[in-house]
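Pasting the structures here.
In the two complexes below, chain A is the common chain; its partner is chain B in one and chain C in the other.
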Partner chain A sequence: MNAVIKGASYILAHVPGMVIHNGSTQITERIVNPESEYLKQLPEHLRTYQQAVEYWPNQVYIGNKTPEELAGVEFPYYDKPLAGAGRYGKFGEIMPEAEFLLLMQCADVFDVLLLEKGFVAAHRDELAADPVITEDIAARVKEGAEAADIERFVKEEHAEGLYADGKLVGCVKRAHDIDVNLNAEVMHENLVNKASNTLALLYAVRNAGIEKTDVEYVIDCSEEACGDMNQRGGGNFAKAAAEIAGLMNATGSDSRGFCAGPSHAMVEAAALVKAGAYKTVAVTGGGCTAKLGMNGKDHVKKGLPALEDCLGGFCVILTANDGVNPEVNLDILGRHTVGTGSAPQNVIGSLVADPLERNGLKITDIDKYSPEMQNPDITKPAGAGDVPQSNYKMIAALAVKRGELEKKDLATFASKHGLVGFAPTQGHIPSGVPYIGFAREDILAGKIRNAMIIGKGSLFLGRMTNLFDGVSFVIQANTAAEQSAQSGVSESQVRGMIADAMKEFAAVLMAKE
Partner chain B sequence: MDLENQRRVKEFAEKYGPENVVVVLGASEGEAAGLAAETVTAGDPTFAGPLTGVQLGLTVYHVCEPEIKEEFDPDVYEDQISMMEMVLDVDDIVNEMSAIRDEYCKYL
Partner chain C sequence: MAILKDKKVVIIGDRDGIPGPAIAACVESAGGEVVFSSTECFV
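Our next item is the complex of A and B:
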């Protein structure tokens, strides 16, 4: 039977210091244009933690508000704070930067991350108070280093500085003198990913109502790579994060596919569970420092806050069919193949129309589509438009071309079958999966019957192929009862047939006597 | 525009001569198309890539503009582009592209 979605988590970490020091747009600018006005103005555009908490899309991401409620908020969102919004939501939380730096230290098992003594003392109790941070994790925070040592590592040893409220409070040292795969920048990026991955795993276990020991396999689907000069992307973030989260019975591996990674990983996880290889699998993705402030130049130029100030993470727990939770239907899989081509028409056809047609379904038979769920507040000012809306327009246009939708219904397709975007532009994070938590709830509540999750990836960015990629799958209401009812009928039929055969056999025997 | 793509456009212009290169865009928004068009004509407006300060003045069109559409085999266009044509704000794109071409193109 199909695997079910037992629970999901969605977490954010507000890290304005990393926007300045670790976002690739800012790093590039410091190299090519170090005296630029943008770099001077950016700090004034950073949001406070409270502003990030009161930001509507963030509250939707962690589950305190729904996409439907966000649709009722007048666009743009950045100037409409949600009064009374809190740090914690049913799916996860928005962690402040200071605590996240401590969590990064918890994730560091090679002593490359140093934090200043006073900083640790001021914040360690805050991290320990987090509901998912157990004592064993909190105990991983070290006493702290001297400020002078940290400064020396940054100035003389190529360490990557860690900043809180504009002050240097720690550093990530390089893990090798020559190997660029282990330099301080990469170690920082990977520890950020591992820490946010860990937080997502912890919330997912809690939200699914399972024990940590239940998880047998973890698939990480982020876009970072960990390894050394002999195996650049050797891995394995999944197992590394599972260790810190305390998933003692789990092994795992990393699956990659740019932004399509999460959807690939979901299909793999559902297949592993359905095949019986593992009973409980976690699909997890951590945050990406490089994408912080990616569109910052446009935001600053237009007088907006630098809205890409949060790391994102998510985790979905899939288990053997429990007869209750929504299931991943592995019969309806969309795939962009090598031969599909890169025209949007072909892409949407291969991911949406083709798998539905193979199963005798129409585009309008899917209640909700979750494609690229980027928050338009971030993308529109950068000239990239409203990404989810563009996807819905394409799906609707294809439905019209196929005669499955009246042209007059083009305009209303998005509000009926779509969602407004609410996810941070963290690459793989917005790609289809942000809706899985809500989809599970909406299906359980009977609000919708099914949802299609669509992941797309720009493989050409890696310069190994010019191909695009994508994969889609459908989550539907649990069908275990129907299936057992069907199999119940056939069992009784079998019993009847056996009884008939026995009677006939007995009759033959009696005739012989 | 992506830094690597800027480098490739610059290389093509040097190799074949700027008067022999036509850049065809597929951006989904007028503004994004305009930015890319500006990059290959007046130079990178973000001052980040190889085309910063390089005024190539290349001929540039969006694939949904009528001048490009009429170059296509109609069946291929129907198969590859017609869905997007239904989705895009073609008028907005044409306005953006025309404005950039009128101001910066050197080879029309």
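Our next item is the complex of A and C:
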């Protein structure tokens, strides 16, 4: 039977210090144009923690508001704060930068991350008060280092500074003197990913209502690479994060595919569960420092806040079919193959129309589509348009071309079968998966029957191929009862049959005696 | 499409719009010569 979606988590960490110091746009600017107006103006455009919490799309991401409610908010969103919004949501939370730095230390098992004594003392209890941070995790925070030592590591030893409220409060040291794969910048990037991954895992276990010991396999689908000079990208963020989260019965591995990674990982996880290899699998993705402030130049130029100030993370728990939760239908898989080509029509055809047609379904048979759910507040001012809307236009146009949708219904297709984008531009994070938490709830509540999750990836960015990539799958209402009815034998009937057989066997034994 | 015939063309495609290879296919069919093609991602 198909694997089910037992629960999902969505977390953010508001990290304005990392926007300045670790975003690739800012790093590049410091190299090519260190005196630029952009670098001077950026700090004034950074949001406070409270502003990030009151930001509508962030509240949708952590589950306090729905995409439908966001659709009712007048665009743009950045100047419409949600009064009374809080840090915690049903899917996760928005962690402040200071606490996230402490969580990074919890994730550091090689003592490369130092935090200043006073900073640790000021924030240790805040992290410990987090509902998913257990005592064993909080106990990993160290007493702290002297400010002078941290300064020396940054100035003389190539360490990467850690900042809170504009002040140097810690550093990540290089893990090797020569190996660039273990330099301070890479170690920082990887520890950020591992820490946000850990937080997502912790919330997912809580939200799914399972025990940590239930998780047997973890698949990480982020876009970072860890390894040394002999195996750059050797990996296993999955197992590394599972260790900190305390998933003692889990092993795991990493799956990569740029922004399509999460959808590939979901299909792999659903297949592992359906095959019976593992009963409970977690698909997890952590945040990406490089993409912080990626479109910052356009935001600053237009007088907007630097909206890419949050790291994102997510995790989905898949288990054996429980007869209740929505399931991943592995019969309906969309795939962009080597031969598909890159024309938008071919891409959407391979991911949407083809898998549906193979199963005798029409495009309009899917209630909701979740392609790339980037927040248009971020992308439109930067000239990248409204990405989810562009996807819906293409799907609708294809439906019309195939005679599955009336031309007059083109304009309403997006509102009926689509969603408004609400996810941060963290690469793999917005790609299809942000809706899985809501889709599970909407299917359980009977609001929708099914949803198609579509992930797309820009493989050409790695300069290994010019190919594009994509994969899609369908989540649907649980069909266990239907399947049992069709097979003509229910679980209780099977039990009865086994009991009868045992009785007969016992009777034979008795007769022999 | 005669405007592209025998012209040298530089293509900057957008991953969420029209990607480079798709534009290149159009240019070549219109008799143009692609001297550079790249697809960028902003999300």
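Methods note: the second predicted complex is superposed on the first by the 488 of 513 C-alpha atoms of A that agree within 3 Å, B and C clash if a C-alpha of one lies under 4 Å from a C-alpha of the other, contacts with A are read in each partner's own complex, and residues count from 1 in each chain.
Throughout what follows, contacts are C-beta pairs under 8 Å (C-beta built on N, C-alpha and C of every residue); 3 or more make two chains touch, one makes a residue touch a chain.
Everything quoted here is computed from the prediction, not taken from an experiment.
In the overlay built on the shared chain, the residue A:S9 is in contact with neither chain B nor chain C. When the shared chain is aligned, chain B and chain C each come close enough to touch A:G385.
Contact with chain C, but none with chain B, is seen for A:Q374 once the two complexes are overlaid on the shared chain. Contacts of A:A343 after superposition on the shared chain: both chain B and chain C are touched.
Once the two complexes are overlaid on the shared chain, A:T284 sits clear of chain B and of chain C alike. Within the superposed three-chain model, A:S222 lies out of touch with both chain B and chain C [touch as defined at top].
When the two complexes are overlaid on their common chain A, residue A:E29 makes contact with chain B while staying clear of chain C. In the superposition on chain A, the residues of chain A contacting both chain B and chain C are 341, 343-344, 383-385, 390.
Residue ranges of chain B in contact with chain A, taken from their complex: 4, 28-29, 31-32, 34-35, 46-48, 52, 79-84, 86-87.
Taken in their complex, chain C has these residues touching chain A: 14-22, 25, 39, 41-43. Note for the complex: chain A touches chain C at residues 259, 294-295, 341-344, 372, 374, 379, 382-385, 387, 390, 425, 427, 430, 458, 460-461, 466, 468.
Those residues of chain A lying in contact with chain B across their complex are 28-29, 32-33, 36, 297, 341, 343-346, 348, 383-385, 390, 393-394, 397-398, 400-401, 410, 463.
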